[in-house]
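In the two complexes below, subunit A is the common chain; its partner is subunit B in one and subunit C in the other.
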Partner chain A sequence: MPPLLEVRRLSVAFHTREGAVRAVSDVELELAAGETLAVVGESGSGKSQMLLSMLGLLARNGRAEGSVRLDGEELLGAPEARLAELRGAAVGYVFQDPMTSLNPYLSIGTQLTEPVRLHKGADRATAYRRAIEMLKAVHIPESERRMRQYPHELSGGMRQRVAIAMALMCSPAILIADEPTTALDVTVQAQVLALLREIKDQFGTAVILVTHDLGVIAELADRVHVMYAGRIVERGSVEDIFYRYRHPYTAALKRSVPSWTESRPQRLVAISGNPPNPLRLPPGCAFAPRCAFRLEVCGERLPVLERVTDGHAKACFYAGPLGEEEG
Partner chain B sequence: MSEAVLSVRDLRVHFTLRGERWFGPPHVLRAVDGVSFDLPRGETLGVVGESGCGKSTVARAVLGLVPVTAGAVRFAGEDLARLPPARLREQRRHLQIIFQDPLASLDPRMTVGQIITEPVRAFLPRMAKEERRARLLDMMRHVGLLPEHINRYPHEFSGGQAQRIGIARALILRPDVVICDEPVSALDVSIKAQIVNLLADLQAEFGVSLLFIAHDLASVRHVSHRILVLYLGKVMELAPWDEIYRAPRHPYTQALIQAIPPADPRRARTRPARPLSGEPPSPITPPSGCVFRTRCAHAVERCAQEVPLLRQVGASLVACHRAEEIATLQ
Partner chain C sequence: MSAPAFSPEAALSVGAAAPAGRSLWHDAWRRLRHNRAAMTSGVVLGVILFAAVVVPWLSPYNYYSPEWTLLDAPPAFHGGHVFGTDDLGRDLLVRIMWGCRVSLLIGFVASIVSVAIGVVWGTAAGFAGGRVDAVMMRAVDILYSVPFIPFVIVLVVMFGRNVFLIFVAIGAVSWLDIARIVRGQTLSLRSAEFIDAARVSGVRPSAIVARHLVPNLMGIVVIYATLTVPSVILFEAFLSFLGLGVQAPMTSLGVLVSDGASVLRSYPYQLFIPGAFLATIVYCLNDVGDGLRDALDPKER
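Then we have the complex of A and B:
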């Protein structure tokens, strides 16, 4: 069976006054129905632009090249009308700030029912019933009353639940969640993570989860792609990435998170330096200037993704041990 | 424990808001409602809680940036909340702050050198230019900035570098206390650890006391000697860093710990998922008795009637009627 979503050699560039900025380079990605794929990377690593480019949501100075196939249908270069049809119906988006998707001037009810009426041609009563059902699915109490309220009357956690309900109204095959819990308090984050897991199980929705938080990935992801400076540097199952990582960047990310354990190290293991400027990417591997395992070749040639085991690949010339490892 | 450099007693910061009706009674928002703590010299006190718990208001009240309704902020033998403005200004040079958003807190039209030396020019205007420059270069070296950065502007720096500028500005007067208001929350993972380590190094070198405010309990515990847990403007628990792991006593502290997603898929998927339900109630109409009771799994009738006082349980201070029982339930 072909994958639900198949991305081949996807590159995204922006034209700016200072020259062309490559935000995403040669990304390959597959998503099967019902699975959760996490994309982890720092700000500026290109993870959000990669996802926005798939449905024609790039800023006007952005251009995407390559191929993005959803259920076999090519999306890059598809007419805007077709993309508008797919957004909301086949693919639902949840953003970091729920107010990105919520309109402050419209009632929750209007906003929830609009997508099904538009995309599925549902009548008012059907759309209303569906909205109530979805509000219940995301555990919003007093759903009838909420339908009449406006976004500003809800707390941050509630708004994010409404945004999730809205993304799910048309039963999309894919839910794209871009840092869905980053702006929330820890206790509310835990609630939203539990909710996303429930939704996966209950509706079988495939999820692409974009985050910089390894804790969120550990909770939800089946597979993980690690991005750095616009490229995928390692990909594998969640267990590969957490217990059998092979890229120095993945290793460093894992170690720089303070863990909740009895002892605490004197110092956190930091990654030295700063992420590169996308206008002036270094030749060779973009992580090399910050890498503790840098070889001479790293500054000269670009490492490509190579198979480690089935489903696990890394783009790195270094093959030795990466320090303490688990599992 | 060494002497306290900063001592806050029963601090209250209440804001009056217009009520629902134009001429009706005003609402009172109790942002901080009876908070006490000591900050010993050279130590770090972590302050955690959800948004709206009053952690940033505590910081602003200590610096005199919001009016204090009641209580005392004792620093160097004086109550900052009662000082005449001129004297407060003098004392303020000993208390500095680092903000969450490093770029937003730096003036885009000033060079790095001007930003870092601004406190010197404000508080020590008679200092010779040469000495000021020597201090600037020394501070820049300490925070890991290069001398050639002096004439650059903030927008040329990444978030991590900008936070280093903010830290240099806060430390150049060698203050006794630096308030770090979510100093790493806006930074990328790989940069967070750099800044946390830098703060620890600077503390070891200058003996500065830090009030480290954050919503992320794991990072707070990493840097703190003791941790203050706030909820709806009140102290729930004050515990040493090791004790908060070994024996978190307040149900709210326990809930915050439960909410940390472990960066370990095997543990994440086997642990019981019991997230704390709901969100904090409005600080305008806080619950009677214990403010946490509406979300607490252990609440009993007494919790609605009687405000729990902060009391010693083991090595911690806890505001919970049932702290001992709950500890044995764990």
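Then we have the complex of A and C:
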């Protein structure tokens, strides 16, 4: 069975006054129905642009190349009208900050019902019932009353639930969650994650989870893609990425997560240096300038993804041990 | 798609009652009703408007016939001239009511025209962005630099004097400010996440502008519109003073005030009575505008 979503050699570039900015380079990924795929990376590593380019929502100076197939249908270069049909109907999107992703001037009910009325041509009453049903699915009590309220009358966690309900209104095959917990309190984060897991079990929705929080991944994902400077540098199962990581960047990401298990307080470990300027990417591996395991070849040639074990691949020339391994 | 499709039957099984029609305007009206100051001002405006329509119709006097035996008569209830007469013996009550008619008409029509043009122009420029935005806003800059009085004189010379021309002249100038303000707001709203959220749920650009952008602009537009009405009324007074506005014997509040100002020492009521009407109208408009802004903002409950 072909994958639900198949991305081949996807590149995204933005044309600016200073030259072309390559936000995403040669990304390949596959998503099976019902699967949860996590994309991890620092801010500016091209995660969000990659996802937006799939829906044809790049800024005007952006161009995407390659191939994105949803259920066998090519999306890149598809007519705008067709893309508009798919947005919201086949692919739901949850944003990072629920404080700003809901329109402050429209009631919850109006916003929730907009996608179904648009895509399914549902009448007001049907859309209303569907909205109530979805609010119940995301565990919002007193849904009838909430429908009449405005976003500012809801708490942050509640708003994110509404945003999730909104993304699910048309029963999309894929739910894209772009850092869905970053703007929330830790306790609320846990609730939202639990909700996402429940939803993918209940509705069988495939989830693409964008995050820079490794804890979120451990909680939710089946497979993980690690992105750096617009390229996928390592991909594998959660266990591969957490315990058998083979890329120095993944290792550095893992080390920079504060640990609570140590008895003595420790200094936070930061990855030295900054992500490269996408206007002037280094000729070889983009991580080389910050890499502790740099080889001579790293500055000259670009490493490609190569198989480590089944389903696990890394783009790195270095093959030795990466310091303390866990597990 | 392989995920379970949305079916109306499944939704129906939830079995909730259909909602009462609730819209932005419905909610706004409910909130406005609870704002005592705005409602009072609205009622006062309504009374003035009603009087302006009805009084000249019922009164035995008209606004243009002089009464040579009663020049500059002071206000008196028994003589029939409640607000007195002016220097030609014309009944001031009727003239003030005609002035209210003319001023309110010019104020509202010119404001509606300028708000409509300004909002459309501003949202289009701000939402399109880039080169379209640059060209549209340069057009605004160029119109800004046209000196107003020569512009009106040219219009009058070309088309002759009539009230409609004043609408055109004032409307042509006052939409520029609104366009700039709306464009600025649109630029900042365009990058708001809820606009992105609407785009990823497949809402068409025109619907995004109409349903998501414009409601967020309403507050500032309403405030600006209610400030425009009085400024247009004063503008018209200024034009009339130069002889470019409404022509005698037709009158407007601006004309009455400037006529009254010239005889302030001898007949102060000729300034103060129309002045009081003008001030009341301007004050009430501001109050109503304030109330509307609050009513349109769901955070103000």
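In this section, the second predicted complex is superposed on the first by the 318 of 327 C-alpha atoms of A that agree within 3 Å, B and C clash if a C-alpha of one lies under 4 Å from a C-alpha of the other, contacts with A are read in each partner's own complex, and residues count from 1 in each chain.
By our rule, contacts are C-beta pairs under 8 Å (C-beta built on N, C-alpha and C of every residue); 3 or more make two chains touch, one makes a residue touch a chain.
In this text, all values refer to a predicted model and were calculated from it rather than measured experimentally.
Asks: Of the two partner chains, subunit B (first) and subunit C (second), which one does A:Glu239 touch, if any: first, second, both, or neither?
Replies: Once the two structures are laid over each other on A, A:Glu239 reaches subunit B alone.
Asks: Name the contact category of A:Glu65: first (subunit B only), second (subunit C only), both, or neither.
Replies: neither
Asks: Counting residues of subunit A touched by each partner, does subunit B or subunit C come out ahead?
Replies: C
Asks: Should A:Glu28 be classified as contacting the first partner (subunit B), the second (subunit C), both, or neither?
Replies: A:Glu28 sits against neither subunit B nor subunit C.
Asks: Answer with first, second, both or neither: which of subunit B and subunit C does A:Val257 touch in the superposed model?
Replies: The answer is first: A:Val257 touches subunit B but not subunit C.
Asks: Thinking of the overlay built on chain A, is A:Glu6 touched by subunit B (first), by subunit C (second), by both, or by neither?
Replies: So A:Glu6 meets neither subunit B nor subunit C here.
Asks: Could you say whether A:Ser155 touches subunit B, subunit C, both of them, or neither, answering first, second, both or neither?
Replies: First partner only, subunit B.
Asks: Between subunit B (first) and subunit C (second), which does A:Gln191 come into contact with in this model arrangement: first, second, both, or neither?
Replies: first
Asks: Please identify the positions on subunit A that touch both subunit B and subunit C, taking each partner from its own complex.
Replies: none
Asks: Quick check: in the complex, which residue numbers of subunit B touch subunit A?
Replies: 50-51, 158-161, 188-194, 196-197, 200, 215-219, 221-222, 241-242, 245-246, 255-265, 267-269, 273, 275-277, 279
Asks: Quick one: in the complex, what on subunit A touches subunit C?
Replies: 4, 33-34, 52, 55, 57, 60, 71, 84-93, 95-97, 100-107, 109-110, 114-116, 118-120, 122, 124-126, 128-130, 132-133, 136, 144, 147-148, 150, 152, 163, 166-167, 169-173, 203-206
Asks: What does subunit C use to touch subunit A in their complex?
Replies: By the definition above, subunit C touches subunit A via 1-6, 8, 10-12, 14-16, 18-19, 22-24, 27, 129-130, 192-194, 196-204, 207, 211-212, 215-216, 218, 296-299.
Asks: Which residues, counting only subunit A, touch subunit B once they are in their complex?
Replies: 42-43, 155-158, 185-191, 193-194, 197, 212-219, 221, 238-239, 242, 252-254, 256-262, 264, 267-272, 274-275, 290
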